[in-house]
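Both complexes shown next keep subunit A, but they swap its partner, so subunit B is in the first and subunit C is in the second.
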Partner chain A sequence: MTYLADVGALARKDLLLELRSRDTLPAMLLFVVSTLVVFNFSLPADASPRAAYGLLWVAIVFTAILGLTRAFAAEREQRVLDGLVLAPCDRSAIWLGKGIAVLAFLALAEVVALPAFALFFQPVTWELVAGVALANVGLAAVGTLLAAMAAASRARELLLPLLFLPLVIPIVVGGVGASIADDPGRYLAFLVLYDVIFAILSWASFEYVVTE
Partner chain B sequence: MIRARGLGRSFGATRVLRDLDLDVAERDFLLVTGPNGSGKSTLLGLCAGLLAPTAGELEVAVERGRIGYLAHEPLVYLELTALENLDLYGRLYRIPERRERSGMLLERFGLWEARHQRVAAYSRGMTQRLALCRALLHEPDLLLLDEPFAALDEAGAAVLDAELAELAGERTLVLATHEPERVAALATRRLALA
Partner chain C sequence: MSTWLRNNSAVTLAAVAAVLLLGGLVLAFTWVPNAPLEGFRQRIFYIHVPVALTAYACFGWAAWKALRLLWTRDQRYDLESYTAVHMGVIFGVLTLVTGSIWARTSWGVWWSWGERQLVLFLVLFLFYSAYFMLRYSVEPGPRRASMSAVYALFGVALIPVSFLAIRLAEGLIHPVVFDRDVGENLAGSQLLTFLVCLGGTIALAAALYVNELTGKRIDARLGELREALE
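Our next item is the complex of A and B:
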């Protein structure tokens, strides 16, 4: 219960910080909508649904990167992460609290992105919504770990996409597959498996990322 | 409480601390002096467990949650108020009476009136006072203070003087400063880094 209370306090703090500073979410919303508008004009009228779904996933992944580059900005500014690391709470609670906040920002961005996608490209199906929801968990889990790693580096803006993009290729494969395949269940199960494996790996390794 | 043998720390090719032997007993007050770049902050970071030695051995016989650490940066969120920052740390440090303790420290350090202001609106001195409140919040057994008088006005420094006088002999203190005369009477040990 104490662990969950720590996670709750840390996640609540991140949501409060965003509510006050409005640094991340407006940028993510603007980016994802702008990207879909640009894709709308760049995609030929006779393009296949596969291409449209592919572009949606590109927009989602890059929107996630945009949010993740800011994920540890508040901690970096005043070295607050040192203060959190010194606290007696389990350090994985820092990852989980931050991951929940990242997940919330991604979900809010998609609440805007999916209707925009339906407007410009294809109808939004339950398979797509399920795929996006499952992908968010994986994106937040892996992304939060890598954002913490990158935050310690001077080349963080460069490092995060370089580490993040190769690791989320399976999410794009699973997400696009779930959106267009006749049997989306296999791809959704694949996304669940990815989420479980990478969430456990990130949870267990976070301590080593934030300490020397 | 702290025992170092041949302790060294390098950052890349730059060696900041080298071959340091140190013994700090429980309730000692170690005053660390030295010019800029001599490794005072690095030593405190090592004792806090935020840095790992690159040479030698270091034992700090205190649990992580019983260390109070004042760094150059305040380690607080600028977009939260003083009260929100202390409440967050109070929760993470599992302080049951965190509101009373936060209120008492904020009052003592003259921040009570500004407790609902965001830290971003604080002056440098007010931020340093809040950083001291944060470091003292959980009544640590080992207090590591890096330039605690920096940016404090005379009133703030006087409060800190009184706080240190109260803590000396009750807790273990390691204090790095360029103003050693301010706390010289309280110190039981001295370490001059070159």
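Our next item is the complex of A and C:
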């Protein structure tokens, strides 16, 4: 129970911080809408309507990167991470709390992005929504771990997309499949598999990323 | 004898690799019959596939050493894991090059998104290139060691997941045009040649690994000594 309380406190800290400073979420919202507009101009007029779904997934992944580059900014600037590591809580709680906050930002960005997508491009189906929800878990799980790694490096924001993109290619495959395939079930199941594997791996290995 | 072997393991492995690879090439070019569909050019199979399997073995070895590092906190595994990734990337690039040549001779294109192994190796190449970026951008020390180890472990999880993803994506984006399941029904001569070549590439990777590891250890020791002098 204390573990869950720790996670709750850490997630609440991030959400409260965002509520007061409004650093990340407005940027993510503006970014995802701008990306969709750019995509409108990058598609040829006679492109298959299904191509738009692929571009939506690119927009989601890039928006996740944008949010993740800021995920550990406050911790790094104020040296909070050192304090958190010293706190008498399980280190994986830090990952879970941060992951929940990242997930919340991503979901809020998509609450704007999906209606915008429906307005500009194609209707949003239930399979697409399910795919986005499942993909969010994987993106937040892997992204939070890699963001902690990138935050400890000199290259910082530069490094995160390099670490992140090869790892989330399977998410894009599953997400695009869920949005356009005739049998979205397979792709949704694949997303679940990805989420389970990488969430467990990230949860178990986060401790090693933040400790000396 | 065993001490000599231990002290000269790189030389021994290199000699074994040279014998096996030369033997394998001779067998591949002279003994094995032409493949029914692809003819003579199919013989690149005896280089391409062993090199690919060796790359997997290197990545697997790197992950094993990474796991040992996280388990025991023994820092010497860091260098071993790093060197194994290094070798894996070299053999991965070789896989991409030989696969690309094979694609060119078979279908007249240098690149085909329909070829699972090639796409997988491209993803892995990008992934493990980022491993080097990570290492070069973090201060040396225990934290870098454990971060690299975690990343190397993610790599072996990514291999099967990506393979599955590429299979799924194939039916979705690119119709399966090419079907080349050469691995399934190998004749005896083909299997033997394949195994000789596989042994050769693995011995080569091991020789390079031992050599590189020795060099890196000497480098690290030299750095320590320099620091002690200053």
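Assume the second predicted complex is superposed on the first by the 212 of 212 C-alpha atoms of A that agree within 3 Å, B and C clash if a C-alpha of one lies under 4 Å from a C-alpha of the other, contacts with A are read in each partner's own complex, and residues count from 1 in each chain.
Please note the rule applied: a residue touches a chain if its C-beta (ideal position, glycine included) is under 8 Å from a C-beta of that chain, and two chains touch if they have at least 3 such contacts.
Just so it is clear, the structure is predicted and the values come from calculations on it, not from any experiment.
> With the two structures overlaid on subunit A, would subunit B and subunit C clash, or do they fit side by side?
On the superposed model, which is not a single observed complex, subunit B and subunit C fit side by side.
> Rounded to a multiple of 10, tell me what angle the C-alpha centres of subunit B and subunit C make at the one for subunit A, in degrees.
90
> Considering only the touch criterion stated at the top, classify A:Y208 as touching first (subunit B), second (subunit C), both, or neither.
Touch status of A:Y208: second partner only.
> Counting only touches as set out at the top, which of subunit B and subunit C does A:P166 meet: first, second, both, neither?
Touch partner of A:P166: subunit C, not subunit B.
> Under the stated touch criterion, which partner chain does A:A152 make contact with: subunit B (first), subunit C (second), both, or neither?
The second partner, subunit C, only.
> Scan A:G174 for contacts with subunit B and subunit C and give back first, second, both or neither.
In the superposition, A:G174 contacts subunit C only.
> Is A:A64 contacted by the first partner subunit B, the second partner subunit C, both or neither?
Neither partner.
> Given the superposition on chain A, which partner contacts more residues in subunit A: subunit B or subunit C?
Subunit A has more residues touched by C than by the other partner.
> Which partner chains sit in contact with A:R186 here, subunit B, subunit C, both or neither? Use first/second/both/neither.
Second partner only.
> Between subunit B and subunit C, report the minimum C-alpha distance in the superposition, expressed in whole angstrom.
6
> Using the superposition on A, tell me which residues of subunit A are in contact with subunit B and, in the other complex, with subunit C.
211-212
> Hey, which residues of subunit A end up touching subunit C in the complex?
145, 149, 152-155, 159, 162-163, 165-167, 169-170, 173-174, 176-177, 180-181, 186-187, 190, 193-194, 197-198, 201, 205, 208-209, 211-212
> Which subunit C residues qualify as touching subunit A in the complex?
For this pair, the touching residues of subunit C are 70, 123-124, 126-127, 129-130, 133-134, 137-139, 141-143, 146-147, 149-151, 153-154, 157-158, 161-162, 164-166, 168-169, 172-173.
> Using the touch definition up top, name the residues of subunit B that touch subunit A in the complex.
48-52, 63-65, 67, 69, 71, 73-80, 84, 88-89, 91-94, 118, 134
> Using the touch definition up top, name the residues of subunit A that touch subunit B in the complex.
Listed in rising order, the residues are 2, 5-6, 9-10, 13, 16-17, 20-21, 74, 77-80, 82-89, 211-212.
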